[in-house]
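Two complexes follow with chain A in common, the first pairing it with chain B and the second with chain C.
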Partner chain A sequence: MTHKDYSHNTKIATLKASSSLNKGYMVFLIPGVLLFLLIIVFPLLANIGLSFTKWSGVGTPVWVGFTNYMKAIRDSYFLTSFKNALLLVITVTTIPTLIGLLLAGFIFEYILDKFGRGIAIFFRVGFYLPQIVPIVVVGIVWRWMLQPNWGVLNWSLKAVGLDTLTRSWLGDTSTALPSIMMMMIWFQIGYPLVIFIAALQRIDPVVYDAADLDGASRLQRYFYITIPLIRPEIFVVVLTTIIYTLKTFAQVYVTTKGGPGRATIVPSYFSYQNFFIRSRVGYGATITTVLTIIIGLVAIGFIRMQIKQEQEG
Partner chain B sequence: MLFPFALITNNSFKTETEYYANGPYSLFKSLNLDTLKKVWNLMDYSIKLRNSIVISMSVALLAIVISLSTAFALGIGKVKGKSFFIMFFLLAFVLPQEVLVFPLYHLSKLVGLYNTRLSVIIIISVLYSSFGTYFLSSIFSAFSRELIEAAEIDGCNKLQLLFRIIVPLSMPSLSILFVFFFIWSWNEFFIPLVFLVSNDNQTITIAMAMAQGQHGATLTLQSAAALLGVIPCIIFFVLFQRTLTKGITLGSIK
Partner chain C sequence: MLKKMTIILMLVGIMLVGIFVNAEIAFAEKSDVVGTLKIWDMEVDNAFSASWGFAREEFKAMYPNVTVQYELKTFEQMQEMGKMILSSDEVPDVMQCNKGNATAGMYASEGLLTDLTAEAEARGWADIMGSSFQTTCRYNNQGIMGSGNLYGVTNYGEFVMVYYNKDMFEQYGVEVPTSMAEFEAVCDKFVVAGIAPISLGGLTGWPIDHAWYELVLYKADRDLINNYQLLQGDVDFQGTAYTFGAEKFAEYATKGYFDPKAMGVSYDDANGAFVQGKTPMNITGSWWYGSALTGITDYDWGIFLLPGKNLYEGSGGDLWVVPEKAKNKDLAYEFIDLTMQKEAQTVMANAGGIPINADLTQITDPHVLDLNRVFSSIVQKDGLAFYPDWPVPGYNEVLIPSLQELFAGTVTPEEFNNAISIPYNEYKESLK
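After this line comes the complex of A and B, so read on.
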């Protein structure tokens, strides 16, 4: 037997062996799957089950069918919590994404050319920094700035003679939610910016040649060529921000606790109140189930688009 | 963007009278560390720092171990139902923690893990490893089949294949995961808030949220507290800057 034949035979043998050996991998799936069943699947199903019960957290839950859901659609707190979440989703998704698009273009096309890499990186880092600070700390910083009597914002307004504008920003029904929006927008800008700058770096400059020949300005080039090219990234940013914003909890917990009244109530915080403060576990479970369905639908839409993009790309 | 950070730094060094006399914008007169020291002691900062480090390190390591094992089966082993599992893990990761929290809270009380750092470590690790599995599976799928077959010809068993070949080859991806898991768990708020109720096992984020009431209205104490919350993150940022930039798009899902 020649050497060549020998290696050929071994290859066939190993191919057979490896296909049978493929089963040996199942063992590695077991710990993960068991932990997922225990920590994710079982609690999720239990929570859905609890949403059909009345339960204070001790004793036995009482089956009440759809009562909690019927109650929810007439409960103004429940409705306001989702309305506030929607307002947050709209503002916190669109504004940072738009600012991110403009800033990314500005940094990539202008700062990088005029001032060099160092300054461009400084800008990117500066905008991204809030993203790695715990949202709780961000909340404390903003609460401190918005403090009614001696806070930075009111102090500044007084200093320039705009005393009439000073107010308790987080304590006033009309300004509490917009204040939280401002804080979340400030926190969020770095995320689209960094993703978009990375996207701009992957674009091959060759695509600009035709536009340059036609005498398009840099601004035109950015809006008509670059932005359509980075659509996949814009899509990722928008959907992930929607999901992130629907989960808003800490931002409200450290600043307003849902108040004043129900001005800043959001689904996560409302469910927390029902679970752990008011001992209405069934109702808390109902709120979280509804929230999960909404997030699930957004996520499924996201995954489907991802798959579509992968197939096209 | 950096303005709020500059403000809290500036005002953490002031005395109360200095703040109320000259306002938030005047530069601090001397590097007065009394306010910071006071907050440090009020918050038991050293204990919280230790807890945050213990929890974040354990979560990052445990989540990577779970992800490695599952992703090894899915990405290298290509076991049956692979795409179902990957879809499932991705969906699991975007679930709001609120929908799992009450059953988990009840369960932790039943098994005596309520109010322990271990309960938080296990829950967060499993949540993160759903993302880790998704991420590593796609990387492992791209590994050359010949390499894996060659290893098997050499008589490598599955464990050896995982630890001698796959792990060393995927070190860059593992380090990105480690950094992100560490920072994510450092910033985690909801689960620790529910599961850690005693002072000696709480993390920095929880201590921050709890402390606001205790410090009352003195603005210098509040800014010092915020500064103590920001400092560790600046340190991580400097330490991990390279890895963070490399994996920046990874954060997109969180």
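After this line comes the complex of A and C, so read on.
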């Protein structure tokens, strides 16, 4: 018997022993499991079930098989909603993450060194502030700022003589989605920033000292040491932001309700429209099911990539 | 035999007790009634809130031991959540509800509303409303308005009109138009002067419906209106009326008759622009009249109907409905009754509404008299044509984005009419 086999058997024995010892803890899982079933599993299954029916929300749902899915594939609104979601994912994930990376580096490497802890905290809190404002308030405030006739954006443009750049920001099909992107980016920056600053604090200063001894510049240190070392945090930020962006609802609900035309329609809002306003519950459930599957796939993909990276690292 | 007699005697006994108890309730003083009345409406700072607020106070005085729980909701909230609320157990006892197939009709057909037919006859509401106002109160078992049981009661009328700034009209040397050509000439004059002639809240959405459908109605007749609203007969979306409406709407957008930035402006902001004298005209409904009365202080204003046609958006007003699951229906009827009476109705008139049972001799404000005079003129020529989003539940979710696209010129009038016809016809098919 090899040493390896022995160790394997010991591990199994230990696991067995610990599992019988730990059985008492199972009781404490019950509330969590129940809530998980009640809030996540049951509604999810109900939603999937409803997606195969035609139902107005009252009365008995009628089983229609894959009709709703077939309809969705041909529905240009459905496709546009996912196209818009994809555009949001690309911009709202990459831009705040990049800005967050740069700002975190700047605050940690420069502000902290030159101006001390107080000023660094001031900046960190300042950038994080939008995150604690309720999204509905954010939407209303941005709607004011983007109001075409007296909003502060057009007013500022006019004040500096850039009248030709003034737009009906939320009312023009070409600028409505970019306006919502801007709002979401502004809202989002604080989140990666705070995570990245926390990540930077975790890095062993010895690594930097070694780099300094080797004559690395600040930029080299940042790109060759900092970023590779905080890669796990970057993964988490990107994954959570993608999921957050795919679920975009309130931002659209408060500002444009999917308009003008279909310029800002997103899956969650389109589902809501069908589910609640147009009484097409089955179709609304179909959209949500597709969205859930996509989010699930993205999450699984990312977690796999992360595990692979960790194993390689 | 004895057994049978005993049962009969018992039944008679139970009936007598029942009658006695009922009589007790009927004869009990209103001040002895204890309970709660939950009222939901969607009106604030206007003629309806004034009138119904007055009725609430009357109710409180009449039933001092009943707690009145009043909640203000928004129109959008009720449009979107109405059905969920009505099918839950948390329903109010009496609720203001939008009329038409898409809302009241749908709720009625799904058994969410109490049939008020008997109550309306007994309390005289049916007489007060008359047959024309009952059109939007009655729904058949498919939820189509115009026939069937009475599920709602209305106590006012409403219509869409042009509010205009008399000072600006005078300043730019234009007069109230009497034909479509004259109306367009007025608009042209303002456009040349660099002023957007008509306020429009495109960001909110439904105000665009109103502007567009007013144009459709230029070429529509009563048959088309009935076919469209009642989902019967032939509605040709590529026919004269819809083609004319879409083409004119697109033309007005291109010519700048509406503020070119209108799709980024909310309904409140659009009204605000008119109140501030930034636009000379505002196309909206009589529900805004009270706000105009109190809000416009800097200039003289008036109203006119879009000239050169006989049909206008309008109807009996929103309905009082009693949810099927309401817990205090009798109190709800009492409250509705108060809103139908002369006292509360006169309050509504004075605050700029169009009551159906007011003592108009007590009205002195020329603006209010003008409003009621114009409404009467529409009713007399059978000109109320309802609203475009009524036939299909959630139809606004189709009309609004399509109109926004038509406004932006990204679809042609033909494409627009095609886009709005598909969900309409789908829904019509589903009823068969």
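As a working rule, the second predicted complex is superposed on the first by the 262 of 313 C-alpha atoms of A that agree within 3 Å, B and C clash if a C-alpha of one lies under 4 Å from a C-alpha of the other, contacts with A are read in each partner's own complex, and residues count from 1 in each chain.
Following the convention adopted for this analysis, a contact is a pair of C-beta atoms (placed from the backbone, for glycine too) under 8 Å apart; a residue touches a chain by one contact, two chains touch by 3 or more.
Quick caveat: nothing in here was measured; it's all calculated off a predicted structure.
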Partner chain in contact with A:M181 - chain B first, chain C second, else both or neither: neither
First (chain B), second (chain C), both or neither touched by A:V89: neither
First (chain B), second (chain C), both or neither touched by A:L101: neither
Partner chain(s) touched by A:I277 [first = chain B, second = chain C, both, neither]: second
Which partner reaches more residues of chain A (counting touched residues only), chain B or chain C: B
Touching partner for A:I195 - first (chain B), second (chain C), both, neither: first
Chain B versus chain C as contact partner of A:G261, first or second or both or neither: second
Chain B versus chain C as contact partner of A:G59, first or second or both or neither: second
Chain B versus chain C as contact partner of A:Q147, first or second or both or neither: both
Interface residues of chain A shared between complexes with chain B and chain C: 57, 143, 147, 149, 276
Complex contact set, residues of chain A against chain B: 10, 14-15, 17-18, 21-29, 31-33, 35-36, 38-40, 42-44, 46-47, 50, 57, 125-137, 139-145, 147, 149-152, 155-156, 159, 186, 189-191, 194-195, 198, 236-237, 240, 243-244, 246-247, 249-250, 253-254, 267-268, 271-272, 275-276, 281, 284-285, 287-289, 291-292, 295-296, 299-300, 303
Residue ranges of chain A in contact with chain C within the complex: 56-59, 143, 146-149, 167-173, 256-262, 265, 273-274, 276-280
Chain A-touching residues of chain B, taken from the complex the two chains share: 1-2, 4-5, 7-8, 19-20, 23-25, 66-67, 69-70, 72-74, 76-79, 85, 87-92, 94-107, 122-123, 126-127, 129-130, 133, 148-149, 152-153, 158, 162, 183, 186-187, 189-190, 193-194, 204-206, 208-209, 212, 217, 219, 222-223, 225-226, 229-230, 233-234, 236-237, 241, 244, 248-249, 251-254
Of all residues in chain C, those that touch chain A in their complex: 79-81, 83-84, 87, 106, 110-112, 202-203, 205, 259-266, 269, 273, 278, 393-394, 396-397, 400-402, 404-405, 407-408, 410
